[in-house]
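Just below sit the structures, each encoded as structure tokens.
Presented sequentially are two complexes of subunit A, the first with subunit B as partner and the second with subunit C.
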Partner chain A sequence: MVRFFLRRLVFALLLLVCTSSAALFLTRLAPGDVTAQLGPNASRSEIESTRARFDLDRSPLSQWILWAGRAVRLDFGDSFLYNRPVAPLVIRAAGNTAVLALAALAIATLVGISFGIVTGSRQGSHTATLVGGASLVGVSLPPLLTSLIFVFFAARTGWLPPGGMSSAGTSDVSWAAWAIDVAWHLPLPSLALAVPIAAIFERLQSQSMSDAVQQPFMVAAIARGVPRRALILRHAWPVSLRPLCAVYGLVIGALLSGSFVVEYVTSWPGVGQLMYSALRARDIYLVAACAAMGACFLAIGTLAGDLLLAAADPRVRDQHA
Partner chain B sequence: MKPSRYVGLGVTAGLLVAFFLVRGCPSNRNATGDSNAAPRRGGQIVGSIRSTPRSFDRLVAADQASDLFGVLTQGRLIRINRATFELEPWLAERWESSPDGRTHTVHLRQGVTWSDGMPLTSADVLFSLKAVFDAKAGSVVSSSLIVGGQPIAATAPDANTVVFAYAAPSGPGVRLLDMLPIMPKHKLESALAAGDFAKAWSPGTAPTEIVGTGPFVLREFQVGQRLVLDRNPRYWRKAPDGGSLPYLDRIVLELVPDQNAELLRLQSGATDITYSELRPEDYVPVRRGEQEGKLKMVELGVGTDADAFWFCLKPEAKKNDPRLAFVQKREFRQAISHAVDREEFARTVFLGEAVPIWGPITPGNRQWFTPNLPRYAHDVARARDLLKGIGLEDRNNNGVVEDAKGTEARFTVITQRGVGYYERGTSVLREEAAKVGIALDIAPLEIGAMMPRMLACDYDAIYTRPLFSDPDPAGNPDFWLSSGSTHFWNIGQKMPGTEWEQRIDTLMIEQAGTLDLMRRQALFNDVQRIFAENLPALYFAAPRLYYAHSRRLIGVTPSVMRPQLLWSADTLSVTNP
Partner chain C sequence: MRRIGIALLALTAMSALLASWLAPNPPDRRFPDLLYAPPTPIHVFDDHGAAPHAHAWRLVSRIERRFEEDATQRGPLLVLGADAYGRDSFSRLLHGARATLALALSATLAATLFGAIIGGIAGYAGGWADAVLSRVSEFVLVLPAVYVALALRAVMPLVLPAADVFALLLAIFALLGWPIVARGVRAIVASEREREYAIAARAAGASATRVLMRHLVPAAGGYLRTQATLLLPAFILAEATLSYVGLGFPDTTPTWGTMLQEASNVALLGDAPWSLSPAAAIFLVVLGVNLVVQGTGRAPVQLEP
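Take a look at the complex of A and B:
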């Protein structure tokens, strides 16, 4: 298991270096640079000093070497947009993204798996048909649309805040009051993010559950007189979890690193929103740092997925032992 | 299911509904009010911004959010009233100008203090000017404070007097001082000396370190979320009743990057004002909100900036492009102007909320607009004749005109991606130009990719909205002068490339150095006429601007210039503080 963890750690480091370096190179090689933000009235000296400040007066390779050398010392450079070091900006945003993604994951897991169990164990019933249809709609809804639908809903009804992570004036309240306020802002973006994932989970769970209930051990359990509820939850469900666990890690990684649109539309101050603004402004070091954080999330997600898979399936545990 | 479970489910559902209803009770944010009612003290308004300020120091950042922050927290000696375009004494209570217009003596208002209690003195003014022209400070306002090719100089005979010396007479005179926010010497002097001025007031700076003479002070900045500004208890300006200003206790500026979400927030009452004027496509939902009594839609008037279409006319950049031969002929550009039906353009692009124009100065700029310009009526036959006159005909019947050598009049037009009126404008332009045999292919780009190409003349044609920083033409020399950095069609010429640009240069230099306003207007009318004859950039319609705000605001004085409402934030108040 230790070797497994070490292997994962090396993989995560490689992913991090490759992703952030690729982001740096791509941002550098894309047409335009951060000096476009200075506007057409900027003087030549202003443009040159900005280019020098962000090492844009060097070759891309020389810039990367300089940046990598600093990154080893945990100096990831300054942001043009925020005029300050990128590390604290990205760390703070990552925390916010994690809160959103974990809430969305919890909703998607709870809803998706619950409905998947019901529809998988009652194939052909009206409930299964109804939920299956709803899931197909959910899967085909892009997060941009779900975000706008939920923001519209919040705006029209006034039942939920139409965006943001906290209310104004909550910076000097108690931790508990702040947490309640954040929880109040959480349903809208987390639902927007959770709907398509819950639908995917439901479809996967439903399919694997329907496979599991047809296994021979289920017939044996029925013959032993095991009640239906226990039959489904204790016997069939654990067996049906394997395909779900296999994608769970990827979903966690994608959720944590890919909530761009939802964060943008709902003004959630996470990595997605930060990276979007950085990309638009060609804020090169901020883009690289956000990409590195996305890679971290992906690595954490895949690791969590592997652990879940190991917990659910003894064969996987034996393989890593 | 057992009955107890139904009860449990019912209680849970009931609690949830109660929770949502209590939290979701419509607040009194949408309470209606009369914007002309007597002002009330207290309360807060919530606005939105689409990006956070790059710096809290307006001298080093020109982005819209930094500018707004500067307007709310810093003062200037003299202010241009954004509603009337007239000058107003601000931190300076009066001034005198010498007859030759080169010396301006400014007297500071007595008793003005910074928000931390330190007195404002002439040393702060001298310090601000020093910072503007400090090579390491990276000021973004320095080019606006150069007269006759020299930086404005200043001396301070005493703590309340500053004498500004211009290297040449200046038509705008003290109006230029509106471009100079006064910064606190006691807070920033060490940063300037250390060469760290540009980073001294970065968004990471503690709010207590940021002091100003404006109506509000920074209370907190939550990265990626909001700015909270509290009233400055030491603000110098008084209300007509002698009471203190500003009326509001707090302004919250929420970061809402998406403009659709911003509008939804305004409609829901979560915000009171938006970042900028409405898009044409927002008029219908906002009018509905107005009918429902939630919002108030204000017509700001015709905008002072309009969308323009121009070709790269720089010979050095296009020396191998055979199309330059006909693009440089004014008849070619006049033909396009004739090809476009401006009334239809206004209807389609701005959904009818625009007026036809023939030059860069719109009717919104009342002081400098002239209606007496050459006009190009919609006349496809005349356009074709003009093209034929310069040797452009559709010789191979493919619908596109070409010259005798077979060079087609086909161009790629770049414009900013994601802006509805640019996309509609280029689409209409393409259709109208096609009717006279000019083919336009549209290529929307991100602004970051578009800007370097624009500055390097690496394009065929561009459709975008050049912004004037000052309604006074002398405040925009970079646009008008052939050597200017925003003389977009041929930037930064060492010598005027054409005879008519030479004439515009001469007239602009003369009008900028003329003190008599009538004479300046006459000279500038000539400039506009030459521009309209030669059409280096084509203008079709100027949008009529609208702004929406919640009905609880009192004392709204809207402006066509940004920030449309918050430029007079000190006199804003709310009906239900």
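Take a look at the complex of A and C:
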């Protein structure tokens, strides 16, 4: 188990270094640099000093060496757009993204798995057909579409705020009032992100459940007179969880990709938005830090997926022991 | 179910192919008095009998975007209203299907082709070539596709002519798509190469290329078809996403993504549900693909891109 974690850790570190360095080089080699943000009337000396401040007057390689040298001491450079160190900016945005993604994951898990248990254990019933149809529609509704549709309904009905993470003028209210305000803004983007994932969970759970109820041990349990409720929940469900846990680690990628779109459409101030504005402005250290944060999310997600899989399936545990 | 899916896809393909004939107005024509005009009601009967036509919108208030029907005049038919420049949304939707679908189809072809070749080589050669190719494809697979596409597109010049954008997005999509295909092809080829027919072909003196291309890659044909059907909607969506955030086609080019930018204005969106029509078009294509794939058995679950 320890070796397994060490290998995971090495892979995560490698991913972190590779993605953030690649982001740095890509941004550096892209046409144009951050001095375009100074406007057309910037003086020559101003442009020169800005370039010097961001090491843009050095070669890409020596810039990378300087940046990497500072990064190991946890100094990730400054952002031009926000004129402050990038670390607090990215950590704050990452917190917002994590709230959004975790809320969406919780919704998708609850809805998807409970409906999947119902449809999988009652193949051919009206409920199963109906839910199956609904989740086919859900699978065909990627976050770009769901977020636009939800924003449309929010704008039309006014039941939920159509965008943002908190209302204007709530920065100086009490902590509790702020939390309630954020909770009011959360359902729309998290639902938009959750719909396709919930549909995928439902399909997977339904398939594995209908496989599980056909296993011989189920016949044995029925013969022993186990009531139907316990039959499904205590006997069939744990067995059917394996394919779902295997997908959990992959979902993190879908959540990250989806959260960029949802953040953009609903103006949720997360990593996706930050990375987008940083990329457009060629804000080089901010791009690199956002890429590093994305790699962290991926590493945490795959680790969580592996742990879940190990918890659900003893064979995986033994393999890594 | 499968038939409905095929019908949906055929309908989309036909409307893209026949866009020039089906579109009531040229996609670039601007009606200066019809900015944000709602859809025109279609009237079937006029004084002389049955002749479907639309009455002209008369602009009542430009600032409130209010229009009245002018029964005395015939006007341009706006099935889905007009956009911010007074262009006919329905005609743009039909023409937009061309760019969007052409890009998605060619990207799917390219990704499948590269994936088949690279996966085939990795599976057939084994050894260090297999190890290197597999590690590379694993690395690409683990990254969230949208971010990679975003980063690769954003570091290119932001304003490019439509043809260059097409080529650039094609390259980016193919780069992101091939590992998904290659991984499966590698596994299939690696197991098939030990089968009798492959050994027989080698014993008969067939070259490695011939064994690979004539015998082993065709064995992965079913897998390639499934993967291609799954990549297509992903690429349609990727184009829409990139164009929506302003990193895809220039907005003079009608595509489903550039048209969706209309919907990004929340204040307007509430009053103009028809600006979501490109979203509906994307939904129908994705649904069509899912119906077709599900009709062939269990739906393969694809999470990304």
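Keep in mind that, in the parts below, the second predicted complex is superposed on the first by the 306 of 321 C-alpha atoms of A that agree within 3 Å, B and C clash if a C-alpha of one lies under 4 Å from a C-alpha of the other, contacts with A are read in each partner's own complex, and residues count from 1 in each chain.
As a convention for this text, a residue touches a chain if its C-beta (ideal position, glycine included) is under 8 Å from a C-beta of that chain, and two chains touch if they have at least 3 such contacts.
Because the structure is predicted, anything quoted here is derived from the model rather than measured.
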Requested in this report: Once the two structures are overlaid on subunit A, check if subunit B and subunit C clash or fit side by side.
Outcome: clash
Query raised in the report: Once the shared chain is lined up, is A:Gly39 touching subunit B (first), subunit C (second), both, or neither of them?
Result: first
**Report entry** Partner chain in contact with A:Leu274 - subunit B first, subunit C second, else both or neither
**Finding:** first
Requested in this report: Look at A:Pro162 in the shared chain and tell me whether it touches subunit B only, subunit C only, both, or neither; answer first, second, both or neither.
Outcome: both
Requested in this report: Please indicate which partner A:Ser140 is in contact with in the superposed arrangement: first for subunit B, second for subunit C, both, or neither.
Outcome: second
Query raised in the report: If you stack the two complexes on chain A, which partner ends up touching A:Leu204: first (subunit B), second (subunit C), both, or neither?
Result: second
Query raised in the report: Is A:Ile149 contacted by the first partner subunit B, the second partner subunit C, both or neither?
Result: second
**Report entry** Partner chain in contact with A:Leu298 - subunit B first, subunit C second, else both or neither
**Finding:** second
Query raised in the report: Who does A:Arg84 touch here: subunit B (first), subunit C (second), both, or neither?
Result: first
Query raised in the report: So, does A:Ala30 touch the first partner subunit B, the second partner subunit C, both, or neither?
Result: both
Query raised in the report: When you line up both complexes on chain A, which piece of subunit B, out of 203-211, 221-229, 311-319 or 437-445, runs into subunit C?
Result: 437-445
Report task. Could you give the residue numbers on subunit A that contact subunit B in one complex and subunit C in the other? Result -> 30-32, 148, 151-152, 155-156, 162-163, 264-265, 276, 280
Query raised in the report: What does subunit A use to touch subunit C in their complex?
Result: 15, 18-19, 23, 26-27, 29-32, 136-137, 139-142, 144-145, 148-149, 151-152, 155-156, 162-163, 200, 203-204, 207, 247, 250-251, 253-254, 256-258, 260-261, 264-265, 272, 275-276, 279-280, 287, 291, 294, 298, 302
Requested in this report: Note which residues of subunit A are touching subunit B in the complex, please.
Outcome: 30-43, 45-46, 49-50, 80-84, 88-89, 92-93, 96, 148, 151-152, 154-166, 168-169, 171, 184, 264-267, 269-270, 273-274, 276-277, 280-282
Query - Touch list for subunit B against partner subunit A, complex - result: 20-21, 23-27, 44, 46, 51-52, 54-55, 61-63, 135, 138, 140, 142-143, 198-199, 202-204, 220, 222-226, 228, 252, 254-258, 260-261, 264-265, 267-270, 445-455, 466, 469, 478, 485-486, 488
Requested in this report: Using the touch rule from the top, collect the residues of subunit C that touch subunit A in their complex.
Outcome: 139, 142-147, 150-152, 154-158, 233, 237, 240-241, 244-245, 260, 263-264, 266-267, 269-270, 273, 276, 279, 282-283, 286-287, 290-291, 294, 298-299, 301, 303-305
